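What follows is chain A paired twice: with chain B in the first complex and chain C in the second.
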Partner chain A sequence: MTERESAPKSTGPLRRIPRIHLIALACLLALLLYPVINPWEPYPQGVLLLGFLLAVQASAWNIISGYAGYVSIGHSMFLGLGAYTAGIMAVRWDVNPLLSAPVGGVVATVIAVAIGSVVLRTRGHAFVIITIAMLLAAQIIAVNARGLTLGSDGITLPLPFWGRDYQNIPFYYIFLVMVVLTVAFSAWLRRTKFGAGLVAIREDEGKAASIGVNTTRFKIVAYAASAFPIGVAGSVYAYYLTFINPVGSFAILGSVTIVLACLAGGRGTLYGPVLGAFVVNLVSEAANVYGGGDSARVLLFGLALMVVVLFLPRGLLPTVESWWRRRHPADVEFIDQKGALEARAARSGPDLPSPAVSRAARASDEAGAGRVLLEVRGASKRFGGLRAVDGADLTVRQGTITGLIGPNGSGKTTLFNLVTGGMTADAGEIWFDGRRIDRLRPWVRGHLGLGRTYQVTRLFKDMTVQENVVAPQPDARWRTMVAGAVRGHEAERARELLDIVGLARFADEPAGSLSFGQQKLVELAQVLMLEPKLILLDEPAGGVNPSMLGVLTGVIRELNAAGMTFLIVEHNIPLVLELCDPIVVFSRGRPIAEGPPGTIREDPAVMDAYLGEDFRLEPAGPAGPPAGEGVR
Partner chain B sequence: MLTLTSVVAGYGGGMVLRGVDLHCAEGTITCVVGPNGAGKSTVLRVISGLLRCGEGEITMDGEPIGDRTPDEILRRGIAQVPQSRALFPTMSVHENVLMGGYLIRKDRALLRERLDMVRERVPIVAERARDHAGNLSGGQRRMVEIARCLMLDPKIILLDEPSLGLDPHSLAGVAGLIGDLHRSGTTVLLVEQNVRLGLGLATHGVVMEGGKVRMAGPAASIRDDPEIAALYLGGAPGTAPPPLPGGTAAPSDSQKGGAWTIGSRRPSHTGDRASPPMG
Partner chain C sequence: MTQLTQAIVLGLLIGGVYALMASGLTLIFGVMNIINIAHGAFLVLIAMVTWWMWRETGIDPIVASVVTTPLMFAFGWVVYTLVISRVRNAPPSMSVLLTFGFAMVIEGVLNVTAGNKFKSAAPSYFEESFRVGGISLPKAQLFGFLAAMAVLAVLYFVLTRTWTGRAIRAATQNPSGAALVGVGASGTAALAFAIGAATTGVGGSILSVLYPFFPASHYDWISRLLGIVVLGGMGSLPGALVGATILGLAETLTATYGSLAWSTLVFYLVIMAVLLFRPHGLFGARLREDAP
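And now, the complex of A and B:
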């Protein structure tokens, strides 16, 4: 029922342009026409022009601090760098201002890469502090490097080369074009795998690393990308001002204004920073004119920041959006369980889309099944006094579905973390596909073909289901990074993978709105995007409806038949006995038994540690395992 | 005791519950089953006040609670154990359990009494008292989560997938705990994907699909409905989706008392001792 209603909406050939783009286009037209209609009013043009400048900065800031979530409070440094680049080049070499603008952007980018590659290797708050420190350092350098910057005296730039009659109208259009370009750049970024990776970093950096996102590289590139437009704008702005000095160019108030604009408009959204920039700019101008000058402006900024944080924590645009959505609720999609089961029954044999398994298939061709793919040698991990993993050995052979069972707290999930790089082992070695991996970064292990899912799903809840599946980076190539996440080859593959787990209909829903069991299936599709050779599944059946378990095991079997190897932690013992061979039993941080399902079921040590004495209760047939009863 | 009448509710995107009618009588265990995303967890969230009820009415002992805040609802004796990640990971197990008694923090004697009761019922609370909750395994966390909600001695406990991530021992422990609660007069409403376990424990069953209640009645009648079994319970004669080796596709009645129904297994740490009445 819901399927029929919603199908034309999502797949119709005439994709409607979203309302918000139409509104933005109308605003742009109005701003383009304004100087033509009203050419003799320099004051409102000047106010708008400063609004454009702030919009460029806020949109650019949004790339590192909105998308990737790394807040920079020193971003006006790049404006100053751009301005000084233009100023120095004009004074020393008499360079044409139009040439120096891109150079200003390049200088800002180079400095950003230099700072970023030092600071952004770590996670967390160090970045915020360093950005402020860098802004202040830049000011001090500009004051003291008199030979280059003329110190506190500042640099006076030549007047623009156009006639006085044009007033500031050329600047007006230059800045307006820069707003359009910056927003377009930001929109393009957000629609690539790179953009999806940035949002992934914001939402869960550890998980992002485990799906092959080179978080260090992503953050540095994002920081550089956010510096470039501001650098260019700074060069143009220097010409507009015709005079620059260190205190004005590297002002902390400028940075605060950028942050405020973004927070007010909606951090992490496309148009929010632009909207916020205009609001903040108008308010600050009003404070200047009616409130009694600069000091009133600072006071007002403080108050405005408080109001935004208290009443609009998500910003104007997201608030309006959610209000709109409440007024116009969409139909909620539900799993068509009957349909899914019937479709499954109708399908016969493995018909998985080839890209899903290509690398695994290649791997199994190269060296036949049976060779050791993953080997853990004597791995240990302690938490305080607790030995979670205690000198464990584990071997997973190519082409198997290896089961890993054991009581709660026996170290199974910790072992997974050691293998995929979420934690480092205190001792021991881990070898994967002939390489020692225990000192490699998590994303490198992902690129080698190691993927995992989590016991408690760790999807990026604010991203759509499709973005979640597109986000993984199967290799370290730059080309993969800039591949489209909404359309194109990668997006196509993501939809195929969603089809496999029967959730294609949910592609455009935010992942957080899905139920737990659905999220589990999305996470499986997500890890398949890595083209893994070995998948570590942490309780894949937990929380999945029992009738859908057949679909799940079917998918696992098909992928396995196509060459993919699995290591599965699961408490649904009948499912494990049915699906896995061999089975490894863990207890107190190390394996206590290993073998085919039949042996494991009979092993007295296993009984004692895990299954419980009364497990040996056999059904009527002597050889059969306890049937369906336990298959949840 | 607890009644939902044509409840409509949803998150930002749209309405997940589209007119839910549900009734829990005093002293029963009601188990909600259904496909993933049918709105089962949402029902629990609406009852506990974490999600605003859009339309319809929720009453507890005849009093409407649909527009109350979560803490008011908690005071009325409705406690929820969420699906996952509900413990404070950097606090110790003991502190986590104490947080469950936040509403009664002023009554030291009662707090101590409840704490002793919880320690006795859920041994891990005493065994791992000083460990960070973040260092516990999935199953151990589950036990602590339930223990924490017992601190308020609730009239109704809402359990969202208590079996999630539990090994057979812990599963039996949790199931035994739910049985104990039932015997001591607590009403239980649980959502469970381990439907055999859930419906095995429950006195009443509810099948949800597409944001509505499709069927409700005694647990046994739901278990035995062939169409429901095929669609949501993971197999019935002829249609069992997960084929098992040996060709036995469906559980026969004789196997129901077998290894995987929890009622028949009582591990040592839960014991057979009669539990004291709570509170």
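And now, the complex of A and C:
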């Protein structure tokens, strides 16, 4: 994938520029020189110019719909907004559209924030629907608000101030510069924590929220960021056209070409939208020349969209790249757990890098161990008639590794979801670190210092291990959002954390290619990036082989020694008895026993819960088998 | 007062027709999580077919739905099996884009075959009205409304009282659970898509009488219907009915007391206002937030 290639490979001493950037640079040079070499050909220049315009739009669209995965099919609205801003300002106040272009961008951004604030608060499909509705609404406003927009008559703008001899060459360069700026902007965004957060939203929005990503804010900002360049381009485009009207400015076909360009080139990649824009523009031009105008174009674009979705869903660039990689296989390190184990063995002692546990350590220094960190009071959650959690109380004290055991379906994972905000409790209160949290959004709980892992790991499988670890947002500050994810302080921290779990050498591999046990460790590193005070581990040992399990428990112990508190759900009873103190036993949605491992092992109520009411061991005595054995 | 009653009555009549048109869309979304952007194009396609049949044979456009409904059922089945089923497991955005492309293909074909001009079927009663008290009930609106209600009643009956309907609802609520008790997801999906498409058979026939249309009209219709579905709560049939009624009323009231030009805009404003306070729509269920 392009964005991964743009990261400098840590292997090899030479800093080499990825091939794709060199190709892009060569294309840019050729395009810069073209009007100089061939100045008297307005037609090909015009075609290229429209290609640039589409490239700007497709690149910008890619930010919300490629990175964040929220498809907009009304994006040409922003082009119209920019065009009308320039047109109205030119007619009313005689402002040159090139000067008012930034205003066009701002207008587009403001409208995007307004729309986004309404529809991007929820997950799912309302967004795509509203985007097309808003495009049509904008058209209706432009037709009917005659006082402002002159209605269907349209607005005629002043002619360009330069002489006819220059033709459209100034526009050619303006649009080319805008392509470069938009692509650079997109590349920069993608390399920040913000960009990593957007891809995280695309891959698993619920998980993204649980690692502190304020998904609402991220999506709105991405929508606004994708509107700005198009608004600016719209103003310049209006100047180029010298005439705008509602139907032309807010055209659905325009939106379709944006979508098609980005999709054909490669959604979510850096250069894909630009490549796609040129392809689509050429095809469209060919259709104009050889076909029969607009109605044929509708048919053609419709067919093209269907073909791309059905047969080329990843787009040209990723397809070509993977073909290239098959032809030229790179040396990929053999991935096994050996490296992880060795890396850990090589590390000396339990000297944990301070950032990993800073907040937890501070918290435990301030208040001392033994203070109540998490308190659940009478929490209930029902699914239809089933009471998954039924008036449960639970206390986790600072500095402990609290174990939570219980038979399947006893409500342990649901309780986790209530605590971390994946679900909202029907009744009861949840307090964390002196604050009531049961009505807070998941990411706010993350910012307060609650981190969790999942029973089946939920890593962002198409992102690299490094990106996975750098994606979490430990706080709500904007500065953290725009911090670099590839270089800089946050990236450094991510690498340190990967070192702690012994997986630093897999930093640039896709997370999906790791083994299940390794993924569990990466998920732990990811949670540590949140600087949590309490980590909830959901079946950390499930599906992990014994040697990997040793690594995992080692890490848990070290972190705990440094002041981190844990709440662990686990079915491996011997492990829980060895690692945890105290242990809480859950049955039918509420705790039935709590105490140190020794007590729990002997508790008859625990036996009942696991083995059924009828099952009775011999009266617990020194001769009886240890309960843990029977349970396994 | 009479003017207000008149506007409300008209709004309810229009709302009923909107409800029928939106029902197929929300059904398809509910069962297979696919937003069928081509739904509007289906409507316009059938309006065009109805118009053509009416012009050639003089058959009443609303009665013509007896022909167009099975036609669209078959069409929906074929389209699902050949095209839509290929993106069943892709991200939902892909199905949006696929059906968007399909809508454009239908628009393009209609452009080429039927021409880019406004059309409208005008049966004999086209401009007549019943008068009840001081209120006039345009015959076309009334017949359209009655046909829509009849079809919605049948749809409701099929969904709640027949095995087929229960299978569809089961697949809506829990696809894997439904599969365990012998309800195949893919067969049910094809059936639901076909039923959803079949509603456009009647809807399109009514459209051909009530509204002038041309190939690109489908954008107006799909955004209007999607608005209804978002307003009511995506996937909810009662939600579609309520959403359609609210928007039908909002539209006619604006047209009566404001201006016709702004009535469509009011439509979108109502949707945004509702989403501001109820992000999941009126009847939309809040999804389990941790669902992957």
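Observations on the structure shown:
Simple rule for what comes next: the second predicted complex is superposed on the first by the 578 of 632 C-alpha atoms of A that agree within 3 Å, B and C clash if a C-alpha of one lies under 4 Å from a C-alpha of the other, contacts with A are read in each partner's own complex, and residues count from 1 in each chain.
Assume a residue touches a chain if its C-beta (ideal position, glycine included) is under 8 Å from a C-beta of that chain, and two chains touch if they have at least 3 such contacts.
Computed from a predicted model, the values in this text were never measured in an experiment.
Of the two partner chains, chain B is the only one touched by A:Glu509; chain C is not. Between chain B and chain C, more residues of chain A are touched by B. Contacts of A:Ile129 after superposition on the shared chain: chain C is touched, whereas chain B is not.
Within the superposed three-chain model, A:Glu578 lies in touch with chain B and out of touch with chain C [touch as defined at top]. Shared-chain residue A:Gln455: touches chain B; no touch with chain C.
Contacts of A:Arg19 after superposition: neither chain B nor chain C is touched.
Of the two partner chains placed by superposition, A:Arg487 touches none, neither chain B nor chain C.
By the document's definition of touching, of the two partners only chain C reaches A:Val298; chain B does not. In the superposition on chain A, A:Arg479 makes contact with neither chain B nor chain C. In the three-chain superposition model, chain A touches chain B and chain C at no common residue. Note for the complex: chain C touches chain A at residues 29, 35, 37, 83, 86-87, 90-94, 96-98, 100-109, 111-112, 116, 215-216, 219-220, 222-223, 226-227, 229-230, 234, 259, 261-262, 264-265, 268, 271-272, 275-276, 279-281, 287-292. Those residues of chain A whose C-beta lies close enough to touch chain C in the complex are 65, 69-71, 73, 115, 118-119, 121-126, 128-130, 132-134, 136-137, 140-141, 143-144, 204, 206-207, 209, 252, 256, 259, 263, 295-296, 298-306, 309-310, 313, 417, 421-424, 442, 458.
Residues of chain A that touch chain B in their complex: 2, 322, 325-326, 329-335, 337-338, 341, 344, 383-384, 386, 388, 405-410, 413, 455-456, 509-510, 513-518, 521, 539, 542-551, 553, 571, 573-575, 578, 610-612, 614-617, 619-621, 623-632. Those residues of chain B whose C-beta lies close enough to touch chain A in the complex are 10-16, 34-38, 40-41, 83-85, 131, 135-140, 161, 163-172, 193-197, 209-211, 230-235, 239-246, 248-251, 254-256, 258-261, 264-265, 267.
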